[in-house]
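Shared between the two complexes below is chain A, which has chain B as its partner in the first and chain C in the second.
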Partner chain A sequence: MTEMIKGYNFAFIDEYAKREIRRKILKAVSIPGYQVPFGSRELPIARGWGTGGLQITLSLIGKEDILKVIDQGCDDSVNAVNIKRFIKATTGISITADTLKATIIQTRHRIPEEELTEAQILVFQVPYPEPLRLVEPQEAQTRRMHAEMDYAKIWVFLYENIVKWKEITIGARYPVFVNGRYIMDPSPIPRYDVPRLNYARTLYLFGAGREKRIYAIPPFTEVKPLEFEDHRFRIEDFTAKSCALCGSKDTFLDEIVDGDRRIFTCSDTSFCKKRREDPNIPKSSVKK
Partner chain B sequence: MGYVAAKGGRYAILNAEKLVDYFRLKGRTLPLNVKTIEEQFRLACDKVMSEGSLYAPELAALALKQAEGDIIEASFLLRAYRSTLPRIGYSEPVDTEEMFILRRISSAFKDIPGGQILGPTRDYIQRLLRFELLDEKKEKKYKSFSHIKEGKLVQKVPKLVNLLREEGLLPKPKVEKDEEPYDITRCALVFPLPRSGVLQAMARGEEGGMMAIAYSSMRGYGDTHPTLAELRVGYVFLKIKHPLTGKTVKVGEILATEAEVIAGKPTQAGEEVPQFTLGYGLVFGHNERKAISMAMLDITMRVQEPKHPAESQEFVICHIDSIESSGFTAHWKLPHYVTFQSDLDRLRKIQKEKNLKIKVKSKK
Partner chain C sequence: MKEINFDIVFDSQKIFRILLNAFAHPGKVVRIPDLEIAPPLNISRASCGILFTLLDLEVGFSVCTSNKRQKEKIEEYFIINTGCRLETIKSADFILALGELPQLERIKRGSLEYPDQGATVIYSVEEINQSLLGVNSISLTLTGPGINGKRVLSLKGLKKQEVMKIIEVNKEFPLGVDFVFVGRKDKFFALPRSTKIVEVKEI
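Entry: the complex of A and B
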């Protein structure tokens, strides 16, 4: 789709930077949910537009890899297209929209509907890596709070929410407990995707370029949303709604304003396309 | 269905790219010569090099041309290009006393050793639009420049702060031998950030952002009323240690602006003899506002218990980088419909729980 651009290293950033990022990824995998600071490089894509995820992808990608990039679940969204254009132009690797064919998937705000396997890596773009930023603006303080597992403030915040609103007000970016140790920001995925982080088969990597942090959830790690015994975590409610295109009732839906009406379509456009061809296609092809 | 979610992104992007070029050139005026930008938009280029954190006058001019004069966009282009360059090593510390002076003033004393050198400044020019520039003729101007000899810049003008140090009014700098600077391009920010990291972050910070925070302290959110001990603009040699011989060699020269302010607040906790505090600013190119703002912030951030934004190191350092702040500000233009769906779900649920529903008049 785009010609290779000349005069730049394979995957743009220099090899020393890639090595540093890979070392930081290894550290992140070793300490699930811990935010590892790294020397985030500036890229030709703006800060806040996926440069953290992009640096992870660029440092991991090889000539044999097949890449998928989505934004809000959609392969064809402008920023996803732009990121693919950039990676294609600096690596020449293959691009796919098919979740099952990709070896590396870079995503903003969604986990694909189809279950991923051990052979794949899901790279999240992260705007705010710090789940405690909600209750504490200072980095020096939040780092101390994580070190001491001093998580009282965020629990109180959730409790006060319930007292005031009878509900927790956090929409997306719902904080999770990783491996019983760190509270982690899962990036602005919907709550619908949060349970899918728990004991997943795939390596999840999170990159925050502007805030210069990398963190990870290794395969088969316990990931629990913060909840109370008498106030359970709840995902978005799509009761009695289905996709206007493929008819799915078990996917995350985008609400679309159509005149006076509201209609719903799958947020995962690639899976929606598969379902339109075969309505019975399952979300998991993994043999259990 | 009236709406199809953001499809066909590829063609839209390619067309947007074409339109950008179209709007730059549609008037069919002569395309700007990069050398012209470098020379006649001197200060804009300096700003781009400073905020882009790369001393490359020609590339800065090219970036300005490509960005249609948008300084932040041009700095971003330079900063992204910077990521492709390997870092070969560190230069030797620059001794600004060796500077070839274009301009040098002090507001601390009426006269200073080496004298006040006004140089190219707009400070005392009345800000009246000069309509004759609408149709500027070059030949006439050049004649009036014949007596200006830029090749004979004065050098080794003594620095005022050194004199104050000798008098014991300012503390002697604590120089750690062969101390590796904290390089924020290789290490993430940690707080408290070592001083070398603080100065580096400010040297590449955005003028407007730094000035706003520094101004807040001058105006009343803090109590910084320092004196500008010295401001100098000029060329300094860039020196490195030769990798084979180990000798110091000159590899080029850069234009820089240096500001040194001294705070009237004489005492610091734990000091036996009260002394002034020095705030330091050094930036690429000719940019006095930024150098002064940097020196001011260098002082405000020394406060032990910050009470105001300008006094908090973390607050200042995290918010002055224009590449980061502009990128994140622009990212709100990206689709957010998944997160918005989650928010909608929460709000509807809360309204239902509380039995609160804002009554809306039906349209029909």
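Entry: the complex of A and C
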């Protein structure tokens, strides 16, 4: 695919940068949901195009790793392809589209449909790491709010949403409560993916390059969407809809508008491909 | 004493992944592959490997041992190999504890705004095992993020009192200290501050 670039360190960024990011990742895992500041480095990709996730991936990756990169569930869109080419060119490691074969998956705004294992790591690209930014513009204030667990403002925001619209209007980036301590932005994953953060088997790492933050959800950690007793969190409704390509009824679907016609297809392209070959393939291959 | 056989790029990467796996699964006993290094005195290669992976000129480091001459020799070894700064136990980001840590209560635990500034302690003990060890050992039962239900493991060379002190230091989450316990045969496990020690048994 791409030739190795010569003259750079393995995985592009220098060892001092990797070491700092690694130290920060360990702190992030030790304090689930807390945003650890880090010195985000310059990369040959513009900030806001996945540089946070990319720096985490580059600090994790070794010669034996197999990498998958997705952009909204798709393996072949521009952002994913560029990141894959870049990592391939600076490490020489192998790339896959198969969720189950990958050891590290870098993702923009989706969790793959197939259940991940304890041996895998999912790296999220995060545009806005601060869930409270919605209600408080100042960093000094949001930091104090997290420190004191003063989350009243966001609860009021959600309440006002319900009063005004009879619904919480946050679609993607739905705020979650991690380990009973921190409110966290799960990156702009759809609501459909939010329950899949709870007690997952996989380590989730989040990197925001422009905003210079790293945070994490370890495996088997309680992650709850914010909800009220009389107004429960709910996911997108795909009742009576199925993928036009593979026929799946239990996956997250993208709507495609073509003139007057509206069709739905799986957002996870690699899993859709598998389902087209074998419609009965399950989402979870983990024995329970 | 410069370790020329430690590969800064690839050995660090391998060790970091094992370390990350350990932090993501607190109490899970893991091992570091054999390193071709010759640490002074009898500090374990696993402790050195972990510290080589994490230390550089940006962080403060301190060694905790009652033997002053030993302390100087070990500190010199890490300065030569990592370029780290020396700090007191109170202000260090990373602490290597050789079997004892009398100043545990004084270690950095971070602030509520920046809990990540709490220190990391590499704590060297005699032996670590996932299943029970014999007499004079203690067994810990852990719960918390990264643990599916409960996890049990055994240690030798750590007193119950010391474990009680660790519980005390980490009782104000998110403030706290993160620990890595290293035993013989390059085995280790992580005990991040998010982990609760629910039972300590002396055997």
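A few points about this structure:
Keep this in mind: the second predicted complex is superposed on the first by the 288 of 288 C-alpha atoms of A that agree within 3 Å, B and C clash if a C-alpha of one lies under 4 Å from a C-alpha of the other, contacts with A are read in each partner's own complex, and residues count from 1 in each chain.
Just so it is clear, a residue touches a chain if its C-beta (ideal position, glycine included) is under 8 Å from a C-beta of that chain, and two chains touch if they have at least 3 such contacts.
A quick note: this is a predicted structure, and the numbers were derived from the prediction, not measured.
Of the two partner chains placed by the overlay, only chain C lies in contact with A:220; chain B stays clear of it. Contact with chain B, but none with chain C, is seen for A:72 once the two complexes are overlaid on the shared chain. Of the two partner chains placed by the overlay, only chain C lies in contact with A:34; chain B stays clear of it. In the superposition on chain A, A:206 makes contact with neither chain B nor chain C.
With both structures placed on the common chain, the touch criterion links A:86 to neither chain B nor chain C.
Legend: residue contacts after superposition of the two complexes on their common chain; A:16 is shown touching both chain B and chain C. Of the two partner chains, chain B is the only one touched by A:258; chain C is not. With both structures placed on the common chain, the touch criterion links A:124 to neither chain B nor chain C. In the superposition on chain A, A:169 contacts chain B only, with no contact to chain C. Residues 9, 16, 20, 37 of chain A touch chain B in one complex and chain C in the other. Residue ranges on chain A touching chain C, taken from their complex, read 9-10, 15-16, 18-20, 22-32, 34, 36-37, 59-63, 118, 121, 143-144, 146-148, 179, 181-182, 203, 217-222. Against chain B, in their complex, chain A makes its touches with residues 1, 8-9, 12-14, 16-17, 20, 37-44, 46-49, 51, 71-74, 76-82, 85, 108-110, 127, 138-140, 165-173, 188-192, 210, 212-213, 236-237, 244, 252-260, 263, 265, 267, 269. Residues 1-3, 5-10, 12-13, 76, 79-80, 82-84, 86, 185-192, 314, 318, 323-324, 326-331, 334-346, 349-350, 353-354, 363 of chain B are the ones that touch chain A when the two sit in their complex. The part of chain C that touches chain A in the complex is made up of residues 8-10, 12-14, 16-17, 19-20, 23-25, 53-56, 58-59, 111-116, 118, 120, 145-148, 173-174, 176, 178, 192-194.
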